[in-house]
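First chain written, first letter: the chains are A, B, C and D, and each begins at residue 1.
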Amino acid sequence: MSFTYHRTIRFSDTDAAGVVYFANVLSICHEAYEASLAASGINLQSFFTNSAVAIPIIHASVDFLRPMLCGDSIIILLTPQPLSEHQFEIAYQIIAASSEQSLAKAMTRHVCIAPSTRKKIQLPDELAQWLC
Amino acid sequence: MSFTYHRTIRFSDTDAAGVVYFANVLSICHEAYEASLAASGINLQSFFTNSAVAIPIIHASVDFLRPMLCGDSIIILLTPQPLSEHQFEIAYQIIAASSEQSLAKAMTRHVCIAPSTRKKIQLPDELAQWLC
Amino acid sequence: MSFTYHRTIRFSDTDAAGVVYFANVLSICHEAYEASLAASGINLQSFFTNSAVAIPIIHASVDFLRPMLCGDSIIILLTPQPLSEHQFEIAYQIIAASSEQSLAKAMTRHVCIAPSTRKKIQLPDELAQWLC
Amino acid sequence: MSFTYHRTIRFSDTDAAGVVYFANVLSICHEAYEASLAASGINLQSFFTNSAVAIPIIHASVDFLRPMLCGDSIIILLTPQPLSEHQFEIAYQIIAASSEQSLAKAMTRHVCIAPSTRKKIQLPDELAQWLC
């Protein structure tokens, strides 16, 4: 299920070049992911610290198209896609709220594992529902 | 002028102890400060990168009362106070949105300088108005 | 026991004003604390995620004296001091490695608690030794 | 020119899942890049805030192979490669200092531009030398 997240670029996101520090673009994408999980009724606190099921990110990539400055209003469009019964991917488009110009594109791939064995397990029901 | 800022604790705010990393509480306070400046019509991009006037933080302190967890909804109450024609302080109260329990209290002190000489200068008009 | 920690200011420490973001100065102090614990033989991984004993920071303050720029070499002088059988304080002096000019001063206060009850308990032996 | 960078995982690198927050792995890679530039005599402060030449990251990707915990000693092996007269790539291998197990792999692509026009320009000599 697609999800739209609004965000303002903050001073702590920026670096001495005057724009958002590159790695922080992925943090902003993760915020959108968290907001989308919360919107579908998932409890973030238990989701991210569950001792029986963990869904770590195994791959991330990001293309930087235009710089983002402190105070800029941005929109993150998030589109998750199932890959198998234990993997999914999320595509993120970051656009300027004012001009709708594309600012960055990113992707994260997630796998569901049992933390104790680090073996792949099936995605929990609440996440399967969030994916639809 | 007092200001109220709503915020959700994000995964990137937390550390391996499962709660918000202590220094990030001050970043969250700074976010509230930025939101309050923007609400009074100040352009954040030029405010924070102005080559003629800089208003760095010269002191910060924070008391941690209760832990904050990923997904928690918090409210930051921000109260600025002028100290002189070139200094002001901001008090921050962080409370839980659900229970209204106090989670942290913080303070930042800001001084207005000319970046080239690092000498104190008068606060700009837009900030004097924001302080009222 | 006093401890000296050397550090280079990194691009990710800075903000769009071109200097270290204020809250990151406290993170740098915490790095020095971690290095000092490790130097006295304490296992950081178990120290910070121990389910029987937690030693959260209850207060922090910092004075910013001179700006720090990307690439600057700095030295953190850390001096812990016991306050009671369950509390201690750490004073941090941050100086420029080249000029020995004072750049910032900070303080953190730590209290030892049982995470389950959040009641004060005695500092563990390894920490009492580190304090001497 | 290849470069090796040693780093300890810090508490501020971690998140509530108890391991390094995914986006921070890219920050750690950037630290290795900065250390490698400094080792070849490049002044970081002027390199990252030069108004005539900017070398922003246009793409980054990272594969997460094993979790990294607070206190872990890691090694980053950095290998830059020129792509054209205005572009280069850096490959990063992150391995455990103790076991030499591979923990993550990352890549960043950089392009040299004139900040005023955002047009591609030739890489500066000092960077061309660093690339050899």
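In this section, a residue touches a chain if its C-beta (ideal position, glycine included) is under 8 Å from a C-beta of that chain, and two chains touch if they have at least 3 such contacts.
Chain-to-protein mapping (UniProt): A, B, C, D = 1,4-dihydroxy-2-naphthoyl-CoA hydrolase.
For clarity, every value in this text was computed on a predicted model and none was experimentally measured.
K.L.:
Tally the contacting C-beta pairs at the A-D interface and at the A-C interface, and name the larger one.
P.N.:
More C-beta contacts join the chains of A-D.
K.L.:
Among the chains, which has its CA centre at the largest distance from chain B's?
P.N.:
D
K.L.:
Over half of interface residue numbers shared between chain B and chain C means same, under half means different, so which is it?
P.N.:
Same: most residue numbers at the chain B-chain C interface appear in both copies.
K.L.:
Measure off the straight-line distance from the CA centroid of chain A to the CA centroid of chain C, and report it in whole Å.
P.N.:
For chain A versus chain C, the centre distance works out to 31 Å.
K.L.:
Could you put a whole-Å number on the gap between the CA centroids of chain A and chain D?
P.N.:
Those two chain centres are 22 Å apart.
K.L.:
So which stretches of chain A touch two or more other chains?
P.N.:
11-12, 15-19, 21, 23, 27, 30, 48-49, 69-70
K.L.:
Which residues of chain A touch chain B in their complex?
P.N.:
Of all residues in chain A, those touching chain B are 8, 10-12, 18, 27, 30-31, 34-35, 38, 43-45, 48-49, 69-72.
K.L.:
Would you mind writing out the residues of chain C in touch with chain B in their complex?
P.N.:
Per the stated touch rule, the residues are 15-17, 19, 21-24, 26-27, 30, 48-49, 54, 56-64, 67, 108.
K.L.:
Considering only the defined contacts, which chain D positions touch chain B in the complex?
P.N.:
Within the complex, chain D touches chain B at residues 11-12, 14-19, 21, 23, 69-70.
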